[in-house]
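Both complexes below contain chain A, partnered by chain B and then by chain C.
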Partner chain A sequence: MAATSKATRDQSHARVFDLDVMSLRELNQALHNLTPGSNETAWEVLNPKGNHSVAVGVDQPVTIDVRGSVGYYCGGMNDGATITVHGSAGPGVGENMMSGSIIIKGDASQYAGATGKGGLLVIEGNASSRCGISMKGIDIVVRGNIGHMSAFMAQSGNLVVLGDAGDALGDSIYEARLFVRGKVDSLGADCIAKEMRPEHLELLQGLLDRAGVTGIKPTEFKRYGSARTLYNFNIDNADAY
Partner chain B sequence: MTYKNPPTTPRKSATFDDYTLSEIRRAAATGIYDIRGGGAKRKLPHFDDLLFLGASISRYPLEGYRERCDTSVVLGSRHAKKPIELKIPITIAGMSFGSLSGPAKEALGRGATLAGTSTTTGDGGMTEEERGHSKTLVYQYLPSRYGMNPRDLRRADAIEVVVGQGAKPGGGGMLLGQKISDRVAEMRTLPKGIDQRSASRHPDWTGPDDLEIKILELREITDWEKPIYVKVGGARPYYDTALAVKAGADVVVVDGMQGGTAATQEVFIENVGQPTLACIRPAVQALQDLGMHRKVQLIVSGGIRNGADVAKALALGVDAVSIGTAALVALGDNDPRWEAEYNELGTTAGAYDDWHEGRDPAGITTQDPELMKRIDPVAAGRRLANYLKVMTLEAQTIARACGKNSLHNLEPEDLVALTIEAAAMAGVPLAGTNWIPGKNGF
Partner chain C sequence: MCGIVGLFLKDKSLEPQLGSMLSEMLISLSDRGPDSAGIAIYGAPSGNEAKITIQSAKPERDFRGLDTELAKAIGTPVSIAVKSTHAVVRTTPAKIDEAREAIQALRPDIRIMGAGDVVEIYKEVGLPEAVVDRFDVRSMTGTHGIGHTRMATESAVTTMGAHPFSTGADQCLVHNGSLSNHNNVRRELVREGMKFETENDTEVAAAYLSSQMAHGKNLGEALEGTLSDLDGFFTFVVGTKNGFGVVRDPIACKPAVMAETDQYVAFGSEYRALTKLPGIDNARVWEPEPATVYFWEH
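Coming up: the complex of A and B.
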């Protein structure tokens, strides 16, 4: 296949894909062609230049280093790969991730980790609005701040924010856990501050460790989650919506 | 002798009719809007308001039962490496596991496969019952993304990006606590027993430009193999169709207001969206204006009941129709055999629409293990296949009478309308005239 013959290897034996030379289609097809046990476990993508859908739908435990910034949906539906973006990410990075991890060295745009079912998304800069929207099991760690309406309708998983959160955090939240170290501009409908119990401190320490965060204690965070008052419709709660 | 004034006959208001009065009393007693399943129940201009002309001196017919009349259709030939080929132009619309029982989903798969057509998942993910029994399965990509995962995406035969549906354009799904069983809760990553309200908007894109990027992502994940449908409710069919085409859709699905839902507010169902008949010509016009008619396929749904409806929709320019409510009736929904139980629920066979309550006597719109035993997936699937075959034969009968050797050769010129409204909506002449309201400036 053309994709294989055109790919080159650097000295560390990573397979290098230069998106200035090869197409996005060739890159994703080569990643999808990987089979369990393949020895092509290290990949490097050059010149992403804001391309959309870089390394989407990967289902093997390979590492992919993307050298530059990406457009929409980088690592979408990732299932097992470790993807590092050495730049910033456009909207929907890691959307619907199943497993594996995605690390963004820069900032992330809207909807980071939307509907993610599993795995770990680390954003070393800031994340924009609707971070973790509708999350369903993913763990998200943001070193900077997050924008408004984050964790909207978040169902499960954990969102950790070392900085501040914008307005309407956790609006209509279900069972996801939110940990914010800085200030929260406002909480959304049915989202409340909750007691940080020992099991939460332990959970949070584990998340910080997995994200490679050091020098910050779980006790510096506040926990937020669902008041569960909107779980079954009650007309007397209609003003909350 | 005293004169007695003659009384007038008691007269009920046409505005405040019995149903309206009962709804006011219900609202006053409960303080919550009425929720129900199904589509618009009000009288609307529909396919019944159209007639075929048949053959005459200027057109000659094909021999019924003898001369071939093709019914097959290919969906997704624009971009997909593996388009779908169906034997009949009637597909089964998306209905969720959760709203429907597992055996009902299995029956839909069995019936559709026997008849040579596809079924569609719904707002609850893909079940083994349906994947296992449906040869051609369309996997819906919904705002809630319940159960969405790349493995199911790859084992689907097509992907349908759902923007809206005819019963509630602009509304999200709803599944009340009674139906959130352990299995449904697990598939949706939700606590058991809560009232589940799906999002009305997709979480990671808004507008046609984002949709184009989203479709690119889905194509990349599935290596450009699967046809990608975009489904919209019958709101602005001309622009929605044009924008879906622009965004890269292989197939556009337009669902009129008679199209059913598992549950939403009555006020939404009856007052938002356009009738199916009013949606078809604008959608076809959009495709024609873009030079994409027959290149991007158009599926229309909402109130399709028989082969005449199929033939009329195809004559107006659609490539296939989709059925939901009618398919459920073929499985056994609202069957008079359960009349005593419908009465206990305060309703009658034919009117039962409290599908969200999960107490369906027919075992279809329920998650109750005892009730769902009442539906035999094999027998119900057979009934659905029979029904689909009858619809197809009926449509062929009409097409042959119009001299067409393919259902897709039917054309607007084969039709007239019985009412001015239908003539205007369908863009065909009022019967007995050459007048198409709205054409030529009057």
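Coming up: the complex of A and C.
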């Protein structure tokens, strides 16, 4: 395979893909060719330069360091890899992640972690609108702020925000748990502030630990979730249809 | 989908490279819109002449002898520089409206792309690289410019349906999105006396801003008005004679990223568009907030 022969190795034995020299298709194909037990566990991607779909669909527990900023859908469908973006990410980072982790050192654009089913997405900067939209099991930790309509129709999993949240947080939310340390501009339909019980403090401490956040206490957060008034049709609203 | 770019230079030493920088930015977004592309470049003001950018599907027929006939019609010297299907007509600023009318009378098939003291607008059907090559945009110098590559949704794939749209002197706009109340707004603007060349929704946004600015608002105030008066999806990038502005609708689903250094302010639909700019690795890079107006003036 051309990809194998052209890839170089640095001193730490990571396989290095320079996207100035090689195509994105070669990178992703090489990652998809990994089989269980492969010794090629460390990968490095240079010059991503806003390319779309960097390291999507990886299904082996390798580490991938991306040196720069990426475009749409980085790490989408990730199933087990540890992907670190040493830069910012475009829309849809970690979309539909199954397991593993993705760490964004900079900011993330719209719908980070959308529909994610598992794994951990850490955004060290800010995330913009629709963070965690329709999340269904993923854990997302954002050190900065998140934009409007985040956790829209969020089904399960946890969204932790150390900063502030924009308008309409958790609109039409199902059973995802939202923890926000700063202010919330407004809550969406059927999303309410909830009591922080001991099991939530414990859960939150675990999430902060996994995201490498220190010096922040779970008691500094408020919990938000579903009021569950939209789960069943209210007959009094029949005239509205 | 569409891709839009904008570049506003603060450092004069970059002005000779404006055309090439903006061209590279637009080409990098080619796969966001393969239908047509366009660029508006704001050159250095010359003080004693104004420009009209014109376009013809039959440039050899329409542009031949136009300078002489136009000069005779308006009683002032006129020069014409032809670039493929476009040409830039130069004459004294005082005669610019008269020249515009005379061009339409002398050559009914010619379309006016835009007019003003400094702006030149080039747009055609085709990929950004082809459009940039056709009009030699890379060699153009200037202070700021905007560009667009189009994936049509609201109206036909034609030269006139391409962006930028210009509806006032030295004003132009590029748009990613689609407007839903453009017919109503168009009717109101027509009643006010604005003229429209197309059925396109973006032209309405351009004309709306021109109308607001004609009523004395500055660029920032005019952009603020789009948030209450225009309904639909939009990220707009706007150029005026000495200004450059950006606004996104409150839902903000159309992507946008900006970068600022001591040398420039740049806008791209995606970060990809910005990666070749000088000093980008140390630039302040951010996503413009929804329903928030950003503008810069020289």
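Basically, the second predicted complex is superposed on the first by the 234 of 241 C-alpha atoms of A that agree within 3 Å, B and C clash if a C-alpha of one lies under 4 Å from a C-alpha of the other, contacts with A are read in each partner's own complex, and residues count from 1 in each chain.
Rule of thumb we're sticking to: a residue touches a chain if its C-beta (ideal position, glycine included) is under 8 Å from a C-beta of that chain, and two chains touch if they have at least 3 such contacts.
None of the values given here were measured: they were computed from a predicted structure.
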Chain B versus chain C as contact partner of A:223, first or second or both or neither: neither
Which superposed partner A:177 touches (first chain B, second chain C, both, neither): neither
Which of chain B and chain C A:49 touches, first, second, both or neither: second
Which superposed partner A:128 touches (first chain B, second chain C, both, neither): second
Contacts of A:200 with chain B and chain C, given as first, second, both or neither: neither
Which of chain B and chain C A:57 touches, first, second, both or neither: first
Partner chain(s) touched by A:91 [first = chain B, second = chain C, both, neither]: both
Touched partner set for A:71, first chain B, second chain C, both or neither: both
Those residues of chain A which chain B touches in one complex and chain C touches in the other: 71-72, 91, 110
Of all residues in chain B, those that touch chain A in their complex: 30-32, 144-145, 148-151, 153, 176-177, 188-191, 193-195, 199, 203-205, 210, 213-214, 216-217, 220-224
For the chain A and chain B complex, residues of the former touching the latter: 24-25, 28-29, 32, 52-53, 56-57, 59, 71-73, 76-77, 79, 91-92, 95-96, 98, 110-111, 114-115, 117, 130, 133-134, 136-137, 152-153, 155-156, 174-175, 231-233, 235
Touch list for chain A against partner chain C, complex: 49-51, 69, 71-72, 88, 90-91, 107, 109-110, 128-129, 147-149
Touching residues (chain side chain C, partner chain A) in the complex: 250-253, 255, 257, 270-275, 285-287, 289-290
